[in-house]
Amino acid sequence: MNFEYSKTTLDWINKVQGFVEEHVAPVEEDMHSFTEDPDNRWKVPPQLEALKRRAREAGLWNLFLPPEYGAFSPGLSNLEYAPLAEIMGRCEVRSEVFNCSAPDTGNMEVLAKYGTPEQQDQWLKPLLAGEIRSSFLMTEPAVASSDATNIECSITREGDEYLIQGHKWWSTGVLHPRNKLLIVMGKTNPDAERHRQQSMILVPTDAAGVEVVRPLEVFGSVHSPGGHGEVQLNNVRVPAENLILGEGRGFEIAQGRLGPGRIHHCMRLIGAAQFALELMCRRVDARVAFGRKLSAQGSVRADIARSRCEIDQARLLTLAAADAIDRVGAKGAMDLIAMIKIVVPRMCQEVVDRAIQMHGGLGVSSDVPLTRLFAYARFVRLADGPDEVHLSQLGKRTIQQYL
Amino acid sequence: MNFEYSKTTLDWINKVQGFVEEHVAPVEEDMHSFTEDPDNRWKVPPQLEALKRRAREAGLWNLFLPPEYGAFSPGLSNLEYAPLAEIMGRCEVRSEVFNCSAPDTGNMEVLAKYGTPEQQDQWLKPLLAGEIRSSFLMTEPAVASSDATNIECSITREGDEYLIQGHKWWSTGVLHPRNKLLIVMGKTNPDAERHRQQSMILVPTDAAGVEVVRPLEVFGSVHSPGGHGEVQLNNVRVPAENLILGEGRGFEIAQGRLGPGRIHHCMRLIGAAQFALELMCRRVDARVAFGRKLSAQGSVRADIARSRCEIDQARLLTLAAADAIDRVGAKGAMDLIAMIKIVVPRMCQEVVDRAIQMHGGLGVSSDVPLTRLFAYARFVRLADGPDEVHLSQLGKRTIQQYL
Amino acid sequence: MNFEYSKTTLDWINKVQGFVEEHVAPVEEDMHSFTEDPDNRWKVPPQLEALKRRAREAGLWNLFLPPEYGAFSPGLSNLEYAPLAEIMGRCEVRSEVFNCSAPDTGNMEVLAKYGTPEQQDQWLKPLLAGEIRSSFLMTEPAVASSDATNIECSITREGDEYLIQGHKWWSTGVLHPRNKLLIVMGKTNPDAERHRQQSMILVPTDAAGVEVVRPLEVFGSVHSPGGHGEVQLNNVRVPAENLILGEGRGFEIAQGRLGPGRIHHCMRLIGAAQFALELMCRRVDARVAFGRKLSAQGSVRADIARSRCEIDQARLLTLAAADAIDRVGAKGAMDLIAMIKIVVPRMCQEVVDRAIQMHGGLGVSSDVPLTRLFAYARFVRLADGPDEVHLSQLGKRTIQQYL
Amino acid sequence: MNFEYSKTTLDWINKVQGFVEEHVAPVEEDMHSFTEDPDNRWKVPPQLEALKRRAREAGLWNLFLPPEYGAFSPGLSNLEYAPLAEIMGRCEVRSEVFNCSAPDTGNMEVLAKYGTPEQQDQWLKPLLAGEIRSSFLMTEPAVASSDATNIECSITREGDEYLIQGHKWWSTGVLHPRNKLLIVMGKTNPDAERHRQQSMILVPTDAAGVEVVRPLEVFGSVHSPGGHGEVQLNNVRVPAENLILGEGRGFEIAQGRLGPGRIHHCMRLIGAAQFALELMCRRVDARVAFGRKLSAQGSVRADIARSRCEIDQARLLTLAAADAIDRVGAKGAMDLIAMIKIVVPRMCQEVVDRAIQMHGGLGVSSDVPLTRLFAYARFVRLADGPDEVHLSQLGKRTIQQYL
C-alpha cells in the first residue's frame, strides 16, 4: 500500500500539465466563448486542430487507451491516466486536445476490444487519429434506460442486413460536424434472457433514416460543438457485419465499457471540484464583509475545509477503483466503480455549489466557470443511470456480502 | 392561532388561480420560449400587454401593495398576498401580468412610502399603471455588497444637483425596453456613522452618463426581457429633489424595503418547489425501472415525503413572517424575515434538485421547467446577501435573547 | 390564519410555566438524580406525590384530555395543550406532575372513548386520579411491529374468557410500582382481512402468567421508575368483557390513539430542542477560544441560527397538526401527523447534537441534561414505527394526490 | 501508488484477527458486562490478565509502537498498525489485550521519544510491560482546552521541585486500579510566547495533593475500569527532573503526540463503523415489514450503500494519513491528520445512527453494542478539540495554499 504517485505517473502529470499551461490554458476561455456563441453552433473552435496536432506530436495522444491495445497510445494504466483526466476536468475543451473525449474514448475501447479487423480499419483507425468523432446511442426518452432491459430500439436481421428502428436521446456528440459513427444499443432478441436481448451495432451517421431531431439543452447550454441529440432511427439498414461481437452481447459490452468511462468522468469531476476549491480560496481572501476578510470567517473556513476533505476522499476512492480495474478488471472492480459513481458527482456538485455561494452574484454569472462545472456534475449524476440505481444495487450486493 | 386561510384569502386565491388557468397558463410556455429565443432579446412577449390589461380590468392588479397606500390596489395584507405570490412562483412570466414583478414592487413601495408628491406623480403613477418598469441599483462588483457599508458609489451634492459616480451590477430589469427609472443606492456622507452614510436617489434610465455595460447571465440565461445589468454611472447628474427622504436615510429605506420583498421571493419559491413536487409525483408514477414503478420504490417515496415536509414547514414559516410584518412591521419581524431568507431558497433548491434527479436526463433539459426553477432558487440564495450573512446575524441576535 | 397563541392559551401557558418555576424546577434535578441512582430503581422520587396533589388542586391536571370526555380535565383542545407539552418536554419528570405521562395519556383516551362504563369505573377513574399507572403492550421482539399485521401475540376466546399468549417488549411504564393495567394488542382473528385481525384487551398487571422478564436500557438508562419492559404473556386469562370495543377493532383503536400521542411527543421534543438551544446560547457566550468568544464565531452563530429556524418550523408544523386534529380528527389529519413524526424527532436529535458539540466534553457528561434529551429524541425516532415507515407511507399518499 | 495491503500487513492482520477470534471474542461480551455492572466499578475483568499474557507470548504486544523505539514491539509502521487498530475498534476491551490502549499509547510514545533514561526506567518499562496504566491530564473544566494557550494549570519551579496547581477533567484512565502515572500539561511560563508557555510533567498518581474528585459519565456510562476523572491538583510537588524535555516544550510534545493517536482513534472508529455496517446488513435480511424483507427496500439499501461508500473513503484517507506520518512525520502530515479528525468520528456516528435505526427498538438497547459504538464516536468528536477547531484551522491552511 502506497499513497504517492509513481515516478512514471508524476512524469506524465508534468508533461500534460506543462502542455496545458503552455498551449491550452492561454486559449481555452476563447475556445469556450466561441462554442457558447449562438452564431458558432456546431462549429469547432478554430484553435482546436492545431492543438491536437501539437499534442499528438508531443506523444500526448490517446492517453486513456490501456496498453493491451497496442501502439496507438502510450499505454497508460487506468491508475496512471486518472490524474491526467483530473487535469483535463478543469476545462471542458481540454479532453479533445488529447483525443480523450467521451464518448469516443469508450467507443474506441469497444472497437479495440471487440471489433473485427474490418471494423477497426474503418472506424477505429480514424478515431484514434482524431479525424472523426462518434456517438453512443443508448438512452431512450420513452423508458427508464438505466435499466437496460427497458430498451425498446429494435435491431432486426433481414437477410444480410440489420434493420434498426428506435428513438434515442442524450446521444452525446452526435451533432459534431465530424461525427461519422453511431454505436447503437438495441434489442435483437426481445424474448431472450434479460441480459441477452441486447446487441450493439455500428451505424454510419450519414446512413439513410438517421435523423437528428434536435439538440438538447443542459442547464440552458447545448454543449456545442458535440451537443446531445435526440435521434430518430427510422428503418435504418446496415450490413450484418456491423454488429459488434454477436447478437445478445450488448449488455456484456456495455458493462465492460462503463468501468474506465466512470474513472474518466469521476477524475474530471475531481479536477472540476479542485478547481472550484482553488477559486473559492482565492475569492475569500480578496473580499471584505462586516470588517473582516471572508477568509477569516469561521463558516467560510469550515466550508473550505469540508470541501477539501471530500475532494481528497473522493480522489482516493477513484484512484483505488482505477487500480482495481487495472488489477482485476471492471467486473471485479464493480463495487468500487459503483461507489465512485455514487460519491463523486454529488461531491463535485456540492463543492461547486459552495464555491458559487462564496462568489456571491459573480458565482452564477458567466464571468467564472462555476455554473459550467456545476452543470457538468449535475449531468453526470444522471448519466449512466441516476445515483439511486447505483445505491440500490450496491446496497444489495453489500448486504449479500455478510449473509 | 389558526392555520387555515381566511374566507377572503381563499376568494383571492380562487380568483387569481382561475385567471391564471384561463388566461395565462395556456400561453405561458410560448411566452417563455419567446423570451429565451436569442432573436427576441429585450423584447416583451407579444401576449403580455393584453394579459396585463385583462388582469387590471379584473381587479387583479398591484396585489402586492398594502392597504395603507390607498386606492391603487385591492389593499391586501402581506398574509393575504402571500398565497397569490405562491401561485405566481410557478412560472416567471406570471408576476408581471398582475404588475407584481420585482424590483418594481419594492420600488413602488419605497415611492409610496417615502416619495414626495412630485416623485410619486412622475414615477409612482406610471409604475402602478404598469406603463413603465424600473430597476434598483445597489450591488457593486468591487465589494461585498451584502454589507451596505461597503458600497462605493458616490452621490455628491453640487449646487442644485447630485453628481453620481458608481459601478453597479445585478441591476435587475435594467435592460427592459420600458425601463425608465433607476433607484440608486450610494453614499452621500462617507464619514457619517456606518448606517447614515447611504442615500437613495431617483435616476432616469436615459440620464446622461448611465451606461448599461452588458447583461449578466444566470446559469446561462440572460433573463430577457428585464435582464440583470452591469451599469456604469459616469458623472450622472440629477436634480437635488430626486433624493428620497433625505441624505443618510438610504440604509433605513433599504431595511424597510426588504421585508415584504422577501415574503414575495420566498412565496414564489415555495410555489416553485410545490410545482417541482407535483412534477415529480406525476413523473414517478409514469416510469418503470427494474420491474417496478418508480413510485413504488422506497427511496423515491422518501424523497417525495421529505420534500413535502420541507415545503409545508417553509410555507408556514413564511406565512408567519408575513403575518408578523402585518402586525408589527418589518423591523419587529426581522428575525422571521431572516429565517425565511435562510430556509426557503435552500429548501427550494433541494426540492428542485430531487425533482431533476427523478426526471433523469429530461430533468436537466429545457423540456421541463426544472432548471429554470433551480436557477431562480440558486439566484435568490445570493440576492440581498448570501445565506451566510443572515445565518451570522440571526445567530448573533438569537444568542443575545438568552443572555 | 393567525400565528399567535390565543388569550386562553397564553393564560394556560402562564399558569403551567408559573407552577413549574415555583414548584417543579427547584426539585427536578434532585428527582432526576434520584431516579438515575441504581439504588432507587423502580422507586418513585419522594417529591412526586406532593407535586401531583398540588397540581391537581391548582386545576393543572389531565391537561391533555380533550373536552369531549367531560369533567375530568379542563377540556383543552390539542392546539391549546400543545404549548403546555412543550413546557413539559424540558425535563422528563414534569409530565407526571400534571398526570400527562405517556402511555397513560393514550390509554386514558382509549378508555374514555371506547371503554364500557364498567371498564371506565375500574381503570379509567384511578388513572384520571393519578392513583395508578398503566402500560401499552404492542411491540414484539420477534417481528417488525411498525407493521401491525406482523403482530404474533394471540388473544383466543375460550368460553367466557380470552387466553393471551405473547412476547412483548418496549412496554413503557410496565415496571412502575403503581402499574396496574396493561392494554395488550394481539390477534383474535389471524385469518381476517389485514386490518381486522387485531384486538385490544385489558389485562391486570398482576394477572397470572404476566411476567416482566427484564427492563430494557435506552442509551444505558433504564428510565426508572417506569422503565421499558420485556414481558412474557404466558397463558394469561382475562374475562371476555375485558376486550375493548370488539374483536377486530384493535387496528382502528391504535390509529385513533396515535394522533394526539404524536402531538404530545413532538411538542415535548420541541421543548427539549428549545432548551438545548438556550443552553448553547448561554454556553457560547461564556467560552473563549483562540482569542474570541465562541459566540463571535461564524460557524457557531450559523449552527445556532439553523437550530432556531428548524425549531420554529417544526413547532409551526406541529401546531398545524394539532389544529387539524381538533378540526377534522386524527384520520383527516393523517398526513400532518406523519409529517411531524418524520420531522420533529430528527430535528430535536440534530439540535441537541449541536448543543453537545458546543459544550465540549461537558456536553456528553451528566452535568448537563443533553445526553438525556438526545436519548429521548433518538428513542422517539423509533417509537410508533421508524422514520422510514412514515416516509414511505407519506410519500405514497403524496404521489396519489397528484394522479 | 498501490491500494492493497502488503504481504507483511496481511500477515499481521491474520495473526491479530486469529488471536481475537480464538481468545478474545468468546469472552468479550462477558468482559463488557462485567465492566458495566455497577458492582464491579473500577475492577478489571477477571479474564484480562490471562489474555494479555497470552498476547504478549504470541508477540502481539505494543503493536502500536513504531520501530524507532527499539525492541519493545514488533516495530510496525503506522500504516501497518492501522488495520490492526481497526480490528480492535469493534469492541472496547480489545486494545488493552494487546497493550494498545489510549492514553497509554501516547504516553509511552512521549516517554520513548523524549524521556530521560531515568524516566524511561521508572515509567516506560512498566507501561511497556503492561504492568501499570497511566493518564494524560490536559483538558480543564474552566476553559476551552482545544486552545492550549487557555490552559490554567500552573507548574512552578520551587528549588528542586515543581509545584503544581490545577483543575483537570476528562482524564481518561485515571480511575483504573493500576493507574500509577499522570502526565500533566500546565504552564511554566505564562508570559512566554503563546506556544512556549506550556510544559509537561510526570506526576505519580499517589502523589500528595492529587485528588480524583469524581468519575465523569459519557452518555450514562462511567467507562469502568479506567474511567474519565475530574482531578484536583492541590499543591502537588514533584522533583524537578520529572519535567519532560524542558520548560516551554509542552505544546511541541503535545503536537507530536497527537498524530499517531488520531490514526489509532480513527482506525478504531472505522472498525466500529464497519461492525455497525455488518450488523445492519444481517439485521435487514432477517426482518420483514409490509410484505418484504427490509433488505429489499430501496431506502434501506441506499443507506447501506452510503455507509459503505463513507467507510471506504474514510479508511483510505486514514491510511493515507498513516502513510504520510511514516514518510514525513506528524508535522508534515498535519493536514491529513486534521482531515481524518474532521471526517472519521462524524462518519462513524452517522453510520452507527443508521444501524440503530435499522434495528428498531433493539438498536437503542444494550442487547446490541450500537449505543456503545455511538457514544465512542460522539466522544471522539469532542476529544482533542471539537470538529469546529479543526475545520477552522484546516480551512485557514487550505486558503493559504492558493495565495
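Labels A, B, C and D are assigned to the chains in the order they are written; within every chain, residues are numbered from 1.
We adopt the following convention: a contact is a pair of C-beta atoms (placed from the backbone, for glycine too) under 8 Å apart; a residue touches a chain by one contact, two chains touch by 3 or more.
Every value quoted in this text rests on a predicted model; they were computed, and no experiment measured them.
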- Message: Counting C-beta pairs in contact, which chain pair has more, A-D or A-C?
- Response: A-D
- Task: If we define chain centres by averaging CA atoms, which chain lands farthest from chain C? Would you check?
- Result: A
- Take the average of all CA coordinates in chain A, do the same for chain D, and state the distance between these two points in whole angstrom. 43
- Note on the structure: Chain centres from averaged Cα atoms put chain A and chain B apart, in whole Å, by 38
- Rounded Å distance between chain A and chain C, as computed from the means of their C-alpha atoms: 53
- Per-residue overlap in chain B, given as positions that touch at least 2 other chains: 297-302, 388, 391-392
- In the complex formed with chain A, which residues of chain B make contact? 38, 139, 141, 143-147, 150, 169-170, 216-221, 287-290, 294, 297, 299-300, 356-358, 360-367, 371, 374-375, 378-379, 381-383, 386-389, 391-392
- Query: Contact residues on chain B for chain D in the complex?
  - Reply: 297-302
- Note on the structure: Touching chain C in the complex, chain B uses residues 1-6, 9, 79, 277-278, 281-282, 284-285, 295, 298, 300-306, 308-309, 312-314, 316-317, 319-320, 323-324, 327, 338-339, 342-343, 388, 390-392, 394-396, 398-399, 401-403
